[in-house]
Each structure stands twice: as structure tokens, then as C-alpha cells.
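Chains: A, B, C, D, E and F, in written order; residue numbering restarts at 1 for each.
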Amino acid sequence: MNIVDMLLTHAPALTIAIPLLGAFLTPLISRVSEKGRNIFAIIIVGITALFVFLMASEILANGPMTYVFGSTAATVQQSTVIRILFEVDALSIFMAIIGIILSFVAVVYSYAFMEKNTGLDKYYTLLLLMTTGMLGMMLTGDMFNFFVFLEITSIASAALVAFWTNKAKAVEAGFKYIVISTIGALFVLFAIALLYGQYDALNMAKIAQSLGISGFTFIDKIALVLFIAALAMKGGLAPMHMWLPDAYGQAPASISLLLIGATQASLYGLFRIVFTVYGEVISLPAISIGWILVLLGLITMLIGVIMAIIQTDFKRLIGYGAVAELGYMALAVGTGLTIVANADPNITLQTAPFAMKAITGGLFHVINDALDIGLLFLVAGAVYYATKETSLNKLGGLARNMKYTTIFFIIGLLAVSGLPPFNGFASKLLIYESTYQLNPILSIVAILSSILLLAIFVKVLHSVFLGPALPKYETVREVPKSMLLAMAVIAGIIIVFGLFPQVIVTNLVEPAANALVNNSGYLQWLTGGF
Amino acid sequence: MILLDAIHIILPLLMIVSALIAVYLKDLVAATIALASMSLLLSLEFYILQAPDVAIAEAGVGAALTTAILILAIKATKRTEEEEE
Amino acid sequence: MIEMMLETFETGTGYWHPLVWVTAFVIIFLIVYIIRGFGEKKYKKGTGQTQAFLSGNKEYDKQLMHVQSSNLYWGWTEALKWIIDVLKKMHTGNVSDYVLWFVVVMGILLLFVGLM
Amino acid sequence: MNQRNILAAAFLTIVAVFLMFSALFMHPFGEPTSQAMDQYIIDNTVGETGANNGVTSVVFDYRGFDTLGEATVLFTAVASVVMLFRRLKK
Amino acid sequence: MKGMSTIVKTIANIGFPIITIYGLYVIAHGHLTPGGGFQGGAIVASGLALLAVAHGTSWVESKVKEHDLSMLESLGALGFIGLAFLGLLMGGAFFSNFLVDTSMLFGAIPVDGAANINTGGTLPLMNFAVGLKVIAGLFAIVLVMAIATNKEED
Amino acid sequence: MIANIPYLTVAGLIIIGLYTLLFKKNLIKMVIGITILQSGVNLFLITLGYRMGSVAPIFTGNADNPVMSYPVPQALTLTSIVIGVAVLALMLSLVIHIYRHHGSLHVSKLGGDDQ
């Protein structure tokens, strides 16, 4: 057994353990050297990224990996699952790639962006913990473990949202976020307990199997509702999205970037619960959870764009833009589910053609949204760094002094509003065409929201970067190189994804979509599949 | 067994009552004490539900530390709940 | 690998090829650039050419010249005032209202799913 | 009672009714329906982990990773509280 | 926060060692009797909180600094995750109980279906690590919040 | 016969917690509400693992094996309790900061930016 094989075997555990170890070491290293700590954080996230990509190559080639904590024995003992186990399939690793990219960019960006603040040792500790929590939520195959990581993510991000404690609004946003997260997490725990009481299992695959045997009892319905409501709130779907612009708008820009990952991890949890855990019963004809998701998505898109138009704060505006983007994912995935629920029973989830396209589009949009909105947040942070101002009414004419930032903003603008040839267009095209098959109104609303997003961000472009050179900002200089590097990384990925969408879709997104809809692959190992 | 059954009924009722008191009282310190008593009752309930580990944790964390932190926070802020603005 | 990158992007009913699009875009850009080359070339810095022309009036202060973001799309927000007012009323920023929305959604879903 | 409070009361009642109602569908108190996982742990605690206390064996052995998460939560909370009360000026 | 009267201080001084020893007992016997790292840690931390309340935070501050506590907590966490990593290296899986059923520390095999103080493998060690972490962590929270309360009064 | 009274208690505690969050205007009261909600969920977990006439899952070395209550929910509850105190500490420190900024604990001080 050579070292690579061993690392690969333990990769799911190490992906969590290494940033955790980094977080525990950060206070100690911080005593030695400030600069060393920053570089240490970057290195830790880099190593984690290596593990994630190692796992990705393995999973995309050979199918899901499982990892049992605490034992080398078989995963299934007497037809039941005793220990915690990670089950990493294509969907998990797809989300983990998003998470680790965001985390890496955030930590590089923080190097210069947060330089002048105190309390940075705790900042980096919490940043690494947030990464850990996010990755844990994405990789775990155990319900309670999911809850624990959800809480780690919530606590770390709520504290980081309130990082600038001298700003009243930041503290308030942090408080709102922790209250909302705690209530969401508690209801998730309650639902987990309901399922545990029914089936005496905490493993997602095991519960899915038991659910398939027992049918869809009343308790299961209640648990499903609690899961959907709580995770949709954590995932920022309207009308429970209101914490999101507060938190995104007040956090430091690097944290806003990571918050996108945290939000999407909750959304991932929602999809995982609906498709995998309830996969055996979800397409029972009378119950169309798909329509719930579609409706939530529609409301989210409309509210997001309409509220974004009237915003005057740069980051809050992007926060509402992010809300609208989240709507697309719920819409697309819900459409996929609905098509199947309405189809005649001979058509399974895999064979309904537009269902697959819709889910592929929705998942592709998850990564595109993370990149596009993330880039815009980084630009907003750069503008704040240079001018100490986020109000759109006071900014103006920055393009003269901040050329690169302006270019990055334009890339982000075009990508987020779904204009070719950037990545947003590819995923939105998939969403428009597949939602049209379900109901034309859905795709019309989706296109309308895209147009409004373009209008919104053109407004930002006009009021921040264009216009006459204001005397106040004559001395503004371009931001430091590490921030530009972070933005350039994301912009580069956006362009690559935009130019070669089919490569990404075939190699990364379609396996993830297949893993999402086909829960028999996830349950395979229970019957000794691998 | 009747005694045990009676305890199983009385303890939850007392818990609900002290939770209601904790919500009802305007004086936050008094509300915190009511919350602590709810925690203690909860710990007792855990004990009769054959969970001594959890009972110890609930008594140590719920009744002692939670109360301490709440009292500290109330000291740093304001003691009474305000009426409508 | 190269072949894979040149694949067309299939969307179920349609297809799209970003590279073709980019090529077309570049060609159009070149044409526009050539046409632009036919235009007037006499551009001098520091003359009246670079100044804002406001019907012969003097240029205002820079801050005044800049159209503020809240004034952009004024007509749009006026036209949609009824819906924007409702939405603004929804976004109170008050955390117990956030919890209320959660309870409302949970209640609706419970009615919808639980009674089915 | 303004509109908001009426709405809140109405939906709180709905949620309450459903939660109470679901108690009827739970397994009877004290008689869990299934014992797939727990009976294994009860039977094998002493042999596999060498501990008398079943809960400790679950906390640190069978579900040790959860405990790492729990320790991390506490660590996160301490880091957060210390960070929030830090000095803002250098 | 100022200290309280002499009576309270004396009672706290007498009570503190008892509480601490009880807490340490709970930690050490975590794998045998009800209790464990968390419960014992919480008990010791509440004992420390009692001491802090009785003597006032400035007295406690002069004895122990919050960043020392934070460091101690890091050490506890590192010990815990280090044991987990040792499980990976020696037992083949993250968190595996590599000490059980060996002749090493805490590795004895339970006789007659009952464990003893020297059984349990990594469990007692993990209990100690978590206990250290919980004591330091919870007391750090109380201390930091008490100091914050103090500043408010100035 | 105690039927499902513990479950009803759980529902009661959760509803009291939600009521506090919805109707009380004081931030610390809201924190207390969340603690009550948390207690309800913890109690629920423990009731799930209880078996009639069982003893705690701690072996004493006696040969006879009595019925034991389930250990897993107890372990979960331990985790949940510690998470609860962590969240509580964070929320209260944020409350203290809000008080420093506004001099009030009324929930309407958390006004939005959209008004």
C-alpha cells in the first residue's frame, strides 16, 4: 500500500481533519508570527484543496467513496450502520469543489484585505472552521453529523459577519443570522430526531432504505416539511431570505464570499434530503414537493431582483442579487422533480429527458452563482478597501484609477446576468429551455429576472465606475496584488467555464446530477455494492 | 409504579409552567432563575428517563453555566424588559 | 482533450457553441473597428473637444454631474411603486418577523403536505 | 392585536396543532419501534471499547467524530466570543 | 465586578476544591460511571465561575489571562484531534480505538464483562483532552463576558 | 399509563419557544426562548431512547442483562447541549454589543435598511 493509495483511502477524513487541525493550530502560530499565520492559513486551505481534487478524480472515475470513522471493519454490521460514515458521491464532491475554491480565494483575498484589523488570529481560526463546517456538511453521510457541521458553519459565520463590531449594523446582522441559523438548525435536529425515532438509524442511506420499506407515514411528512422549511431558510429562499442581504451586506467581503458557500451547503442539504433520503417515496403521485420548490424559486427570483433595484448599498444590492440567483437553483431542481412527479409511472427520473436537463442546469448554476456573485462581492470589497465607502450614491468615477477592478466587475456583471460567452449563460440556457417544457411562464419569469439582473448591475457599473471623476476619489489607487490575484482566479474560472461549458457539464455536473436523482447508487453499498 | 407514572406526569407539567413563567416575567433576572429551574427539572426528567450522563451535563451546563452567562449579559445590559416603544 | 473542448453545448432542445459565438463577436468587432477608422481623426486634448457640452452653459461641479444610483431607473421604480411598497413593508429587518415568515411557511407546508 | 400578531397567532396555532397531532403517530412512549442500531451498541460496548458506560463508548468511539464536531463548536464559540470582545485599535 | 463579602469568599474557597475534585473524578471515571469529559469539564468550569463571582473578575484576571485559556483550549483540542490522527496511523481509521485490547495504557481487556479504570483504550485519554478543553473553553467564555460586563461599568 | 405525555411536553416547549420568539420584544427574552426551544428538542431526543422499565446504559458487571435505554440519543443530546451553550454565549455577546450601540434591547432597534 503506497502512500498515495493510503492518502486516497483516508482522503474524506483528512479533508475535514486538516482544516480543523489548522484551525486549532492557528492561535498557537499566531503567537509566533503574524505573517506566518496568514501564509499558514493559505497553505492549509491549499492542502485541503489538493485532497478535494484527489478525491474528485477518484470519484469521477470509480464511483462513490465511503469512509468509516473509528473502524476498519465493514461498514454494515448485521444489516445496520453503527458508526458515522462519510459517503462522498459525485454530488458531494461537486459541492466540495465549489466550497474549496471559494475558501481558497477568500483566504488569499484576506491576506491584504484584512491586514489593518485586530483580532486576525481569531479571524483566520473562524475562517478555517467555516471551511471545515462547509466541507463537512457536503461530505457527510450521517444526519446528525450534518447537523453538527451546520452548527459549526452557522456559529463561525455569524461571528465573522459581526467581525467589525464597531458597526452597529454588522452586529445586528450577526445577531439576526445566528438566531435564524439556530432556529433552522434546531428544526433540522427535530426532524432528524423524528426520523431517528421511527427507524432507529442516523445514516442517510439507511433511513432512505427504511423509508422505502415503510412507505410515507405522517411522521415522515412532518419531518420532510421541517427539513424543507428549515433548510430553505438557511438556504435563503424567499420569503425567508431576509437575513441574507443583511448578513452578506455587512460581512467583510471575503466572508460574504464564504457565506455563499455556506448558503449553498444548506441548499445542498435540502436537495440531498429531498432526493436521496426521501428518494424512494418522493415520486409518489399525490405529493409533488417539486412544485413547492418551483414556487419558492419563483418568489425568490422575483423578490430578489425587485428589491435589488431599489438598493443603494453596494454589498446589500449584491446580496439581493444572490437571493435571485438562489431562486434559479430551486426553480431548476424543483422543475426536474415536478416533471417526474407528473409523468406517467413508466418514466423514471433518469429517463425523463427534461428533468435531467433541468437538474443539470440547476446544479451547473450552483457553481456559476458561487463564482459570479463571489466575484462581485470581491469587487465590492476592493472598492471598500480603496475608498472606505459602500454607498452607491457617494461612489463614482472609479474606473479611472482602478482599471483591473473595473474589468473584473464587468466580467462578473456579464456573467451574473447570463450574457454569452460567460458561464452564467450556459447554465441559464439549460434552465430556460427545460423549465419551458414544464410551463412557459416559469421560463419567462426566469428570463425576466435575468434581464433585471443585468439592469441592476449596469446601474452599479454606472454609479460606481463610470461618470465624472469625483474630486473625493482622485487619490484612490488600485488594490494590492493578492486581492487582484484572488479576483483574477475567479474571473479566469468564469471565462473557462463560459468558453467550454460542455466539458464541465459532461465531466463534473452530469455525474453530480445523476448522483442526485439516482439514489440507488447512493444506497448501493448497503447491500454490499462496494 | 404509580408513583413513577405520577412523576412522569408532574415533572413535564412543572417544566411547562416554569417555562411559561420564564417567558412571562418582566424582570429578566427572575426570568433567568425560572429558566434555571426549568433546566433543573429537565435534568431531573432526564434522570428518571435513565439518562444520568445527560442529567449531569444538563445540570452543569443548563442550570449553572447558562444562568451565569445570562446573568452576566443582563448585568452588562438592562434588567427589565421594556414595554412597547 | 482538445476535441472534448470543442464539443457543442447541448441543451435538450437546442445547442450553443461559445467558440463560434466568440469568433462571430470578434469578426463583428473588427468590422465595427474598421468602420470606426473611417471617421474623423482630429481629436485634440486640452481643447473644447474634451469638455462636456451643456448648451453653452458652464460645467457643473463634478458631484452634481454624476447621476446618483437612486435616481437611475426612476421611472421603473415609480411604475412598480405598488409592489415595491409591499415588499418594503415585508422587509422590516426585525428578527421576530423573520421567524414569523419561517413559521408561516412551515404552517403552509404542513397544511399542504400533512393533509395530503 | 394588529395584523401581524393575528397572522403569527394563527400560524403558530397551525404548527402547534400539527406538532401535537404528530404525537399520536409516534411510537408509544417507552416502546421504540426499531432497535437496529442501539441494540448492537448495547450488546457490544464492553467487548469492543472496554468501557462500562454505554454513552461514553458512543460519544468517544462509535460516534467519536460527532464529538470532535461538538468540541469544535465549543472552540468556535470561544473564538467568536473572544473575537467579539477584542480591542479594535492596535 | 467587585468581589463579594468575606463569608462568600470563604465558602467559595472551601467549595471550589470539592467541586473541582468531583469534576475531575467525573472526567477520570467517564468510561465507568455516568459522566465524561464534557460533564466533568462543565462542573469544574462552574466551580471556577463560582470562584470568579466570589472574588471578582479583576482578581481572576490577575491570576489567569484569557489568551492563556484560549491556548489551553487549543491544546485540549489538539490532543483530541491528535488522538484521532493516532488512530489513523496506528489503527487504520480516523478515530479508531487503537489502544483497546493491547497491553498498553488503558488497554486491558475487561474481565467478566465489566470494565475497570485501566480499560477503555483511548476513551479515558479522550475524556481528559475534552475535559481540559471544556474547562478552558467554558471558563474563557464566562471570563471574557465578565470582563466585558466590567468595562461597561467603568 | 402515561401515554404520550412526554411528546406533548416536547411540543409544548417548542411552541413556548416559538411564541417567545414571535411575540416578545426583548432580545434577551428571545434568547431565553431559543433556550426553551432547545430544551424541548433535547427532551425529545431523550424520550426517543427510553424503554419502559429500563436502566441506564451502564454495565455493572452483573451477569444478568437488564433492559437498557438506548445510548445513542443520549450521546446526541450531550452534543446538542454543548452546542446550545455555545450558541447562547455567542448570541448574548452579540446582544451586549447591540446594547452598546443602541442603549436598548428592544427588537425594533434591529431596523432594516429597506425602509
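The rule is short, and it goes like this: contacts are C-beta pairs under 8 Å (C-beta built on N, C-alpha and C of every residue); 3 or more make two chains touch, one makes a residue touch a chain.
Here the structure is a predicted model, which means the values were calculated and not measured.
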Trace the shortest chain of touching neighbours from chain D to chain E and give its length in steps. 1
Joint neighbours of chain F and chain B, given as chain labels: D, E
Pick the pair with more C-beta contacts: C-D or B-D? C-D
In terms of CA centroids, furthest away from chain E sits chain C
Averaging over Cα atoms per chain, report the distance between chain A and chain F in Å. 28
Please report how many Å separate the Cα centroid of chain B from that of chain C, as a whole number. 53
Go ahead and note the Å separation of the Cα centroids belonging to chain D and chain F. 8
Measuring centre to centre with CA averages, how many angstrom lie between chain A and chain E? 36
Name the residues of chain C that each touch 2 or more other chains. 87-88, 91, 93, 95, 97, 99-100, 103-104, 106, 110, 114
Can you tell me which residues of chain E touch two or more of the remaining chains? 33-36, 38-39, 67, 70, 74, 77, 81, 84, 94-95, 97, 113-115, 134, 138, 141, 144-145, 148-149, 152
Residues of chain F that touch two or more other chains sit at 2, 5-6, 8, 14, 18-19, 21-25, 30, 47-50, 56-61, 68, 70, 72, 74, 76, 78-79, 81-83, 85-87, 89-90, 92-97, 108, 110, 112-114
Pairwise chain contacts, counting only pairs that touch as defined: A-C, A-D, A-E, A-F, B-D, B-E, B-F, C-D, C-F, D-E, D-F, E-F
Taking the touch rule as given, give the residues of chain E at its contact with chain D in the complex, in rising order. 30-36, 38, 66-67, 70, 73-74, 76-77, 80-81, 84, 94-95, 97, 100-101, 106-110, 113-115, 119-123, 126-127, 130, 133-134, 137-138, 140-141, 144-145, 147-148
Spell out the residues on chain F that touch chain C in their complex, using ranges where they run on. 18, 21-25, 30, 107-108, 110-115
Using the touch definition from the top, list the residues of chain B that touch chain D in their complex. 51, 53-54
Chain F-facing residues of chain B, complex: 5, 8-9, 12, 15-16, 19-20, 22-23, 28, 31-32, 35, 38-39, 42, 45-46, 49-54, 57-58, 61-62, 65-66, 69-70, 72-74, 76-78, 81-82, 84-85
Residue positions on chain D within touch of chain C in the complex are 4, 7-8, 10-12, 14-15, 18
